Every structure is written in structure tokens, then in C-alpha cells.
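Paired with chain B in one complex and with chain C in the other, chain A is shared by the two complexes that follow.
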Partner chain A sequence: MRDFSYIAATTIPEAVALLDEKGESARILAGGTDLIVQVREARRDVDWMIDIKSIPEVNALDYNATTGLVLGAAVECYKIYADDAICDAYPGLIDATKIIGGTAIQGRAGVGGNLCNASPAADGIPPLIVLNASCVIAGPNGEREVPVEDFCTAPGQTVLEKGEMLVSMKIPVPASNSSSYYLRFIPRNEMDIAVVGAGASVTLDAAKETIVSARIALAAVAPTPLFAEEASALLAGQEVSDEAIDAAAEAAQAIARPISDMRGTAEQRTHLVGVLTRRALNGAIQRVREAA
Partner chain B sequence: MLENKDYKVIGTRPIRHDGVDKVTGRALYGADFQAAGLLHGRVLRSPHAHARIISIDTSRAEALPGVKGVVTAKDLPDPGDKIADLGEGAVNLKYLCDNILASDKALYKGHAVAAVAATNPHIAEEACTRIDVTYEVLPPVLEVRQAMEPDAPLLHDHIRTTSLGETAEEPSNVASHIQHKLGDPEKGFAEADVIIEREFVTGTVHQGYIEPHNATAHYNQDGQLTIWCSTQGAFTVREQVAEILQYPISKIKVVPMEIGGGFGGKISVYIKPVAALLAKKTGKPVKVLMNRADVFEGTGPTPASFIRVKMGATHEGKITAAEGYLAFEAGAYPGSPVGPGAMCIFAPYNIENVIIDGYDVVVNKPKTAPYRAPGAPNAAFGSETVVDELAEKLGIDPLEIRLLNAAKAGDRRADGPIHPRIGCIETVEAAKAHPHYTAPNGKKHHGRGVASGYWFNIGLESSVTINVNSDGTINLIEGSTDIGGTRASIAMQAAEVLGIPAESVNPSVVDTDSVGYTAVTGGSRTTYATGYAAYEAAQDVKQQLIARAAKLWEVDEANVQFADGEFSSINGKEEQISFRDLCGRLGETGGPVVGSGTVNPGGAGGAYATHVVDVAVDAETGKVDILRYTAVQDAGKAIHPSYVEGQIQGGAVQGIGWALNEEYIYNAEGEMTNASFLDYRMPTCLDLPMIDAVIVEVPNPGHPYGVRGVGEVPIVPPMAAIANAIYDAIGVRMTELPMSPDRLLKAMGKI
Partner chain C sequence: MARRSHVQTTLNGETVEFLCEPRQSLLEVLRDELHLTGAKEGCNNGNCGACSVILDGRLVNSCLVLGVEAEGKSVETIEGLADPDKLHPIQDAFLENAALQCGICTPGFIMSAKALLDQNPNPTEHEVRYWLAGNLCRCTGYDKIVRAVLDAAAAE
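On to the complex of A and B.
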């Protein structure tokens, strides 16, 4: 491992100024569960690690039943699933936070880091997409917001420009009669990276028979996590039925363009998109129906 | 002795002597080693699976501040044409040397080509990137059947197939062909009513020990070389290093540090001679550590293989003939375990007509190393799946067909030996009687499978010294690396002889200068052979103490008896003294008492196992969950039942990993793409049920307490048992390992 400099920023402007000054040679350190491993294994050259954990805004974890959730970029997974109100409102996000790494990793790793690491297989990203989350980005020219589905641009690449950083994610209040669900396929029961991941959110009518709207997102089947827009749209106005869910699953399969690697083959992944999309939708629907 | 079931220590479960230090983090492993002036070594490895090394320029690395020395194969003495005798088998010395540091060719990705010693590990790593190696990249051959093709790229120009005593004229990747034949296979198949013939493929799998290899070497001023390391056998390290460095064994001391798992993979040396070369060049102690990728890519896994099995049986279920074809990947240099595979493949059965062909084939993968019953699991995956299919076709219960044909004392194994008393029938019967076998299991996509396995076990040399302490305790000095609780199981055998509790024995695993020659911890030999030596050493102590009591009482030795920890006189005087009290009187009766025992026993009894497993298959994803697992095994006599159970459970779990997900995944260039524990998928505790270990005891007549080796046979049955369970669940016969989700989806026609 090569030597690098460490600096802890305490304000957003300070962090932004450092990022702007150091450019490509700087990297933000939050949980470090990806970054430190990458540096140690010589997969990433870093001259400056800018620790943002002392900045108040990136530690925000504010849920309000009228305005939704502000999830700071450095909030660790364990804090998210320890909050009952957040668990009730965004169960699909909770599904993901509980399977990223193991218990020890969840004590350091956060959803914001998961997003900025921009792995196609990130478990944290599909739930954010199906929950309509947006990214609050700070930079030399002020703040901007980007929908999560537009944040990643390629494996390890994001829309963040020079000097920009992710501050938080905003997730709107869930509609009534709605819920969300995330699952992944791994050959073991823990300690694995998704072969395929699928998230779904659904809003049902008052009778819980008809789908008002739905959102489906996929992991590990393209260079970035995917919002399955067409598959999602197919469900709007449909009665809950195997046929409707199968049709959405098929539409989701149609946008998957997976590769074959050591974690799975392309044909296996395309097949699993169908299976997991069905399971994610059924899981979300069941959660709506089971809610009081 | 065999009839005496009235043991006081044997069969009990004392806390292991090394346990507290290990669970509290006090035990010292090789990576913990520290010394003044210690340098840190790192190894540069080939990025290519097959390449000619044109040149190595180390000047840029040597110029880096902090670098104290760089070595390449040029620093090794010329191995010439010598055959090295390493106790466990003769090895071409050039292969041994070239695997340490490649001289003319890099034969696998991860093959060591140079090494650096520097003042810290980061500088050493950086220096490795500044060694300029010019390669001529050659096409790799990565699969045994491809390597056997006449037009396959050749790894070695000089290897010519030796086949049944003949040597071929043309070079080949097939190093050798062996054959075992019994009876008249043609006639046997003609007598069969049902014949099944199937082909099987198994993947390359690693032992996956948690502790990476490590070694620290240092030369004293007088040329005495000391190596501190993690190894399964300090004496085999001494032998291998002596051969590779062409240095006298008397000038080498190997100090075994605590070991974090080996499973066969810590017998061959890799970085130990490299650390010695660096120490010699720098004049300082040098510590070399591997990381996990180094371990996967640069040390020996167990081979991938292609296996064809043909078996025939009568309507009544009698197996009339069997034919086995085993082609094993040796890795970069000859020496796969195809021999043991051929010895074990049909060993659970008494079959009159057998033919077995084995091929040892080099491919561009790391030179394979032993792994728990090396060769036997590959072989049993084929044979035990075919036996299951035979039973199905004949409508006979799968355990019943095993009983009908079970090997027993007096039967001949296809490779020659006649079985002594063995527990094959007893393990199958115990499996059949176990509640697991008759428990309901009718849910959709759930299945149950069984399989048996055999491992012959070995003896080899062991030495034990016992120093008697004045407080009635003993220090037991041994040379066997303790991987699975053998300090306890060896100490208990001495304690039994001397009538003292296990806690009164203080066992120490010591360096090669401090105990008599002891072969590796391997072949399931340690509790058997080193335990045997401890028994002999304790008998020696007992005889000496009888002499001391006789002296004390002024009686003839023949008039002193020892029972239940008490010496007493018979015929006349009413004298009695406890073991402990007599130990306190050694000074006045002639001085210290030291007992010794050395053995090279020939009676290692073979071990049998039968496993029963329930699985659930997710028919949509192809994922297999292990629901219930029962492993029955003949231990001969379980000295410490907890550690026998631990071995059975560990072997079964490693077999489950081999069955379901573990494999080296290669790209077309011959690069392993999953050289980490993240993507080399060993089972975690969440993937496993509690493994129910059932110990059967059919005493081994070749050991004073009836011990049979237990460490290896439990990895033999799992792959076939799980394949048979998957068939029961979804009606598909899996013939390729691992039976990973994508392969199941394919087999089910889902993709």
C-alpha cells in the first residue's frame, strides 16, 4: 500500500474546496469499507483521503411523516435499521441495509458510500431508485439534486463533477397503501455480492386489489443499477395477478444486459431477473396487504 | 489391550491443552514473529498462466531506498537431474526448485519469479512492481482432457508418459498412466443384468485454511539456518529446504509456530526457501507473508478431474464388475493424487472384477497439493453416484445395495492389499439405523441422498519424549503439528498408560532440534502414530518407575505392579506408592526419568464413512440448501470424541463446499478470477445445519487402543451424497462439480 495523506473536513465548503483543489487524487472517506480495501489492494491510487464523518449534514438521519427522509451520505447502515419509523416507511431500503456485508461492515458502511462506489451490484441502490430518492450534491457552484437512477454512469463512475460530493439522499414520504421490497440472489446465505438484485415498490388502491403505481429496479445486470421504467409502467392500473406480475418481470428481463463473470453467467442473470422481479413485487404487495 | 474397554482417560472429553491460548488470542502464529532488524519479504508472481521467462532485471527494484535484497531462481543452487527423496515420495528436484522460483518458464498465473526483502512490507511491495520481467507469452492449457490431446500446448518439453513400465517417445502433458486390475472385468460385465456408465467432471478446489503461509528465516554467524513457520511438519520443511538449498539438514532448524489450518496444503514449501535465500543475501532475519490471493494462486489446490465410471450388477444387486477411468490435473508439475484416487474408488465394495486406469496430467494451474484424502473425493463422486443409480434401477434401497456388496476383512482391494478388520458394514448399518434415514422427507423439491467413502490412512515415523516432573506431571515432547486437537489425543494416550489425568500431561510441539524425527501431520496419522509413540514412551516411563519402586523397596522389579496410578509390591512386602509420590523421589532413586518412544507402524487401519443428507432445491434459482446432515464414521477408537466429531463435521462441511460452490474460475487467459474468499465461495455457518457426527468403533488391530485415523475420510462421501439428494429432489443427475445454481438451472432446462 502506498502512503497517502488524511484530512478530516468539518464543513461542506471545506470538503468541497479540498476536493476541488486535489481533484482526481482525492477521495472521500466515509465508512471506508470499499475505499480502504481498494487502496490496500492497489486497485485505486489515492493521495488524499478526505474524511467527511465530522460534517453534520452527512450524518443527518431525519424522518418526518410529512416531508420524508433525509439520509446523510455517511450514515451507517446500522443506524438506519435501528430506527423503527424508517423501517416502517421504507422496508425495501431496510432489506438492503441488513444484507450489505455482515454485521461488522454494517457498523461502518452506509448507503451513501454504496451509491458513490457505483458498483453495478450495489444492494443499496435499487431500493433508493424504487423509493424515488434523489441525491443532494454540493459543489463549487452550489447544490444540485439528481434522481438516484441517474447518479451512476458506469461501473465506479458517477455524475459527480470535480469538487462535488454527495451530501445526502432525500426520500419522499411513501404513499398510503404502498410498500417496498428488495432481494438479491447469492449462492450462499451471506458474505456475497449480488448475482442479481431486484427492488420493487408498489402502491395499491384502497381495496389493495389494484396496482396504482409501481417501480422496479435491478442490480448486477448492466454497467449501472437499472430503473426498469417500462416494466414499472406496465403495472399501473393493473389488478394484482400473476399475469400482470409475469408481464412486468418479462419487461424487466428485456432491459437486462448482463455479463458473464465469476459470480454468474449472463443467461443465469437474465433468468434470475424474472424470478427476482416477481419475488420483489410479490414481497412488496404482501407487505401492503399485511399492513394494518 | 484391545479387549480392555475400561479406560479412565481415553474416550473422555478433557479441554484441549492449547485451547485457552487459542481462544484468547495468546497463541503465537508465524505472522506474529518479531526479531530485531527483521526485514519483510514479498514475492513477485507471474501475471501469465504460461510464459517463457526471457529476462529478469532487478536493478530498478534494488535501487529503491529500503530494499535490502532481491532474489530470483539464479540464487538457487543448480538442481541438476537429482531426484529428491522426501519421505512421502521421490520428487524431481528441478520441479521442486522451479515451483519455488521459476527459472525458465512460468507455468501458472501466480508462479513466483522473484522476491524482495525490504525494511517494511510496503517498500517490498513497491519494489516488486519495479522488477522488469520479459515474458514470451504462450498459450495455456487449463483442462485435463484438453491437456491430453496430442496437439495440446506442452508445459514441459521433456515429460514423456510412463505407462505400466514403458516410457513413450514423444513428449506429452500426460506424466504417467497407472492401472489396477482384478479378476476379469469383461466376464464381470457379461454377468451383469444392469450396467451404468457415466462421466464426471470436478473443479479445482482449495483447502481454504484461514491462516496464509508465512515464514521467517535467519542465518546465524556460524551458518546455522533457523526457519519459523506455519507447517504441517517441521521435519518435512527441513528436508525440502535442505534439498532445494542443497544445505545439510544438520545446519537447519525448523521451529513450527501455531498453525491456522492446513488440511494437507501446508506440507509443500513455497516461501520458506525464499525467506532463507533472502536472509542469506541480506544477513538479516526476513519474514515473508502471503496474502489470500497469493494463497489461491501460488499454492497447491486439489486437482480438477475427469472421471468415467462403469459398474454392472445382477438383478439381486450383486456388483459384478467395475471400471474406473481417472484423469487428474497435476497442475504445473507431475504429482497429482490420482494414485490414492485409484486406490479408494471402489474400496467400499467387494467386487471380483475391477479395472482402474489413472492418468497424471500437467496443466497451467498451480502444482496441486494434498487436501484431505487427496484424490478420493473426486473418485467417490463418480463411483458413489453410479452406485446410487444402480440401486435406483434395481429398485434396491441405496444403503441395502452397499451392505450387499460391502468390503470386509479378507477382501482384496483392486490395487492389491487385503483388507484387515474394517468397519465398512458397521458404518452403513449405523446410517441405516439412524433416525435421519427414516425421517419423513416428502416435500416438493426436497431430497435425500447417501454415499460412502474410504480412506486408507497412513503410519510413518513418530517420536515422543516424556520428561517426568517431581509433582507427578509429565512434559510430553512431540514433533507433530497440532491441527485438530492432537495435543490432547496424544497426551491422553500417555495419560492412560500412566494412570494420570489428561491435565497432568503438558504436551509441547517442538522444533526439529528438540525431538526425534516425526513425519508430517497428514494421512490421518497423528493420533494413530504419534499417539502410538506416546503410548510407547509412557510404557518406557512406567517400566523405569517400576524399577525405581523396586529399588526403593529393595524388591525384584518383577514383584512391582502398577495399576490405577499406584505402584505396589506383590509377593511379600506390603508396599504401595502413588505415581505422584514416586515422581517426587526420583532424585534419591537414581535421577531424572525420561521415557522415549519411536515408531514406524505398519498397521494404520483404513477408515470408512457413510453420510446421509437432506437438501431443498429452489427450482427457480437452482440454489441448494442443506437441511440435515448425518455423518457416520468408523474411528476405531475415539480417543477424544469431541475432536473426532470436530474432524467429521469439518470434513463434511468442506465436502459440502466442494459439492455446491467452491471452484477455481478461470478466464481464457488462464487467470483465476475469484482469488478471494468473497468469490471463492466456501460455506459459512449460515449455509450449514448442525452436522450430526456418529462415531462407530471397530477397533484397529494395528494400534494398542484400536485407533484409526479420522481426519480425511469425512470429506469423501459428501459430493456424491448431495448429488444423490439433488436427484431425489428434482430428478436430475448432476455430474459436474460444483453443483452451483447456474449448473442446476441448466440441468433443469431453465436456462
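On to the complex of A and C.
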């Protein structure tokens, strides 16, 4: 592997100062399951790895029923799905954390790294989009927040500027009568990369018959994970029905602009957006209806 | 070359110190510096699980951990599993079930199985298969491995 230096930062200002000083030659190390492979395979030139796992803020995993979830950027998948309150509040996020890699990957990898790696196929990002999450970013000029759907700008590229790092994701408290769901299509049962992924969140009325609001997000059908804004808006005020869900699925297909590659053709991916969007919406609706 | 770092870690229950470059993975440190060759290099990118070890109680791919990250942590490898006079029950179960052929994947499978049984002493077959999904075996077809882990769970 390429030669580099390693620094374990212990505070956000220390990490930010290092990032600002080293610029493009520095990279944040959290779980390392993407970064170490990229450096080893000479796909990324890194002279400085800045390990952030000793910084308290990036290890935050605080759920509060009135303020929501603060999910630190370095929190590993296994800690997220081991937390019963988080499983109850954000099942769509749990769906994703359980299928990112296998057991050993989930022991190191987190959703924050999934975001910063900015793969179009990242399983962790659509659930954050449908859950209305925002990214807390620290930098030389202080802190700023960016909606998750605006964080990735191209494959492997994010809004992070020189000296900036992702600290945490903030997810609001779910509305009553709401739930979320994420699924992907892969040709085997586990340990694979999404051909297409779809996430949905829905809020139903008290009778659980009418959709108050919904959000749909897609993976692996564009250079970045997509928020299907128009498809989501179509569902607001609609009674739960196959027709309403089909219309939303068609609107989601309309914004997909997939490529053909070794995992699937553009045509298959567009078809899958329809199938998976319907399943994600129905899955989220079923979860609302099954909840006490 | 980046300066070699001094690292102190607990390895199979004993305090160990070593020097390593930042670019050396924990797998390389275990094999090349500490001469513990049980963990194997298969893919070196996190797909095959042949390098699986337990780091602070969690199963990890040691090819995806830097050696310097082991500072102050506890590492368990296949070498620490057996007692001096008898094998670990998972090792016995692998032998009884003939759950190995060439053996390259075996230390990874056994460490993965140990991590599973440490937290879930009575897994279902479904749970075993999903837990072991990150460990690849090109000889056995997996069935004997899954039976061995279920047998070990029943024996413990």
C-alpha cells in the first residue's frame, strides 16, 4: 500500500485544522472499509489519514423522543441496529444498516462513511433522505447544515469544502402514524451492491387510510442518490390505493437516469425503480398499520 | 517512509508491543511482524473474510484495519482459541463435521462463528448463514460449515 502518515485526532478543531492544512492529500478515516481499499488499490492518493474515532461528537448515538436522533459520523452499523429505540423510530434506516456488507463490515462501517464515500449505490443514503436527515458539517469557518439529499454531488464527490468534515447526521422525530422502509435488488441474498435501491417514508392520517405525506429516494439510478420529490408530492392527500402508489412509482421512474453496467442494464434498472418504489411504499404503509 | 509507530495492544489476552508503518494493515502486522499466520490474506478488500479477527469484541476484517488502530485495543485471533490441552468446541465441531477441505478460509470462519456464538449462543440456521455471509469458502459448499456451527452451539 502507498506510504502515508496516520494521525488520531481527538477534537473536531484538531481534525479540521489538519484537513485545512493538508488539503486534498488528507482523508478522514472512520471505518476504513472503503478508504483502505481505495488507497491499497491506488484509486485514491492519500498522504495523511486522519482517524476521527477518538472524537466524542462523531461517536454520538443519542435518540430523544422529542428532539430526534443525532447519529455521529463514525458510528458503526452494528451499534445502530442494536439500539431498540432507534429500530422503532427509524426502521428504514435499520433495513439499510443490516445489509451494508456482511457482519465484519458492519462492525467497522457506518452511515457517515457511506455518505462521504458518495457511491450512487450507497444503501445508507436513501433512508436518510426519506427520514429528512441533515448533515452537520464542521469547517474552518464554523458549522453548517446541509440536507442529506444535497450532500452528494457526483460519484465520490460531496459538498465538503477544503477543511470540512462530516460530524453527524440529525434525524427529526418521526411523525405519529409514520414509518419507513428500504430495500434493494441484488442477484443474491446478501453481501452485494445494489442494482437499484429504494427507500420510502409515509405518514398516514389517524385512520391509517390516507397518506398525509411521503418521501421516496432512490439509489444506483443516477450519479448521486436521488430524492424523488415529485413522486413524493403526488402521494400527499391521497387515499392509500394501488393507483396512487403506481402513479408515484411511475413518477419515480421518470427521474431515474441509470447507466448500463456489469450489475444491470439501464432498462432493467428503470423497471426495478417501479417495482422497488411500490414495495418500499407498501412496506412503510404496512409498518404504520401494524404498529400499535 | 512514514515513521514506524509504537503500538501496544492486548493480543489473545496478553499485552503485546510492536512497531509498524501506518500503511501496514492489522493483518500484515499479525502475519509479518508478530508471526501469527492463522489469519489469511484472501481478497485483501473485505469480501472473503479469511482474515477475520475479533477487535474489542467485534468481528472485523483485519485487512481493513490499520495496525496502528490496534493501539489500546483487544485483538483475538485463531491462535488464542484452543486451550493448551484441548481444542475449542467450535474447532472440534469443524473437525467432527469435516467442515473444511483446503483450510484457507477456516480460521476466518471459526473466528466469525465464535463472534456469533459469543453474542447469540443458540442461533437458527438462518441466522448462522446470514452471519457467515462475509466468509467465503470455495471447497465445502458451506453446508458442513453451517452444521458445524450449529453443533458447536448445541455443545457449548
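The rule is short, and it goes like this: the second predicted complex is superposed on the first by the 292 of 292 C-alpha atoms of A that agree within 3 Å, B and C clash if a C-alpha of one lies under 4 Å from a C-alpha of the other, contacts with A are read in each partner's own complex, and residues count from 1 in each chain.
Just so we're on the same page, a contact is a pair of C-beta atoms (placed from the backbone, for glycine too) under 8 Å apart; a residue touches a chain by one contact, two chains touch by 3 or more.
Keep in mind the model is a prediction, meaning the values are calculated, not measured.
Chain A has more of its residues touched by C than by the other of chain B and chain C. Shared-chain residue A:101: touches chain C; no touch with chain B.
When the shared chain is aligned, chain C comes close enough to touch A:5, but chain B does not. Within the superposed three-chain model, A:263 lies in touch with chain B and out of touch with chain C [touch as defined at top].
Of the two partner chains, chain B and chain C are each touched by A:190. By the touch criterion defined above, A:61 reaches neither chain B nor chain C. When the shared chain is aligned, chain B comes close enough to touch A:272, but chain C does not. After overlaying the two complexes on the shared chain, residue contacts for A:173 are found with neither chain B nor chain C. Shared contact residues on chain A (touching chain B in one structure, chain C in the other): 1-3, 189-191. Residues 1-3, 42, 185, 187-193, 195, 261-265, 267-268, 270-272, 275 of chain A are the ones touching chain B in the complex.
Chain C contributes residues 1-3, 5, 21-25, 44-47, 49, 52, 55, 58-61, 63-66, 68-69, 71, 112, 115-116, 130-135 to its touches with chain A in the complex. Against chain C, in their complex, chain A makes its touches with residues 1-6, 8, 29, 31-33, 36-37, 39-41, 49, 51, 53, 76, 78, 101-105, 107-108, 189-191.
Those residues of chain B that touch chain A in the shared complex are 122, 125-126, 620-623, 660-661, 665, 673-674, 677-679, 681, 683-684, 686-687, 740-742, 745, 750-751.
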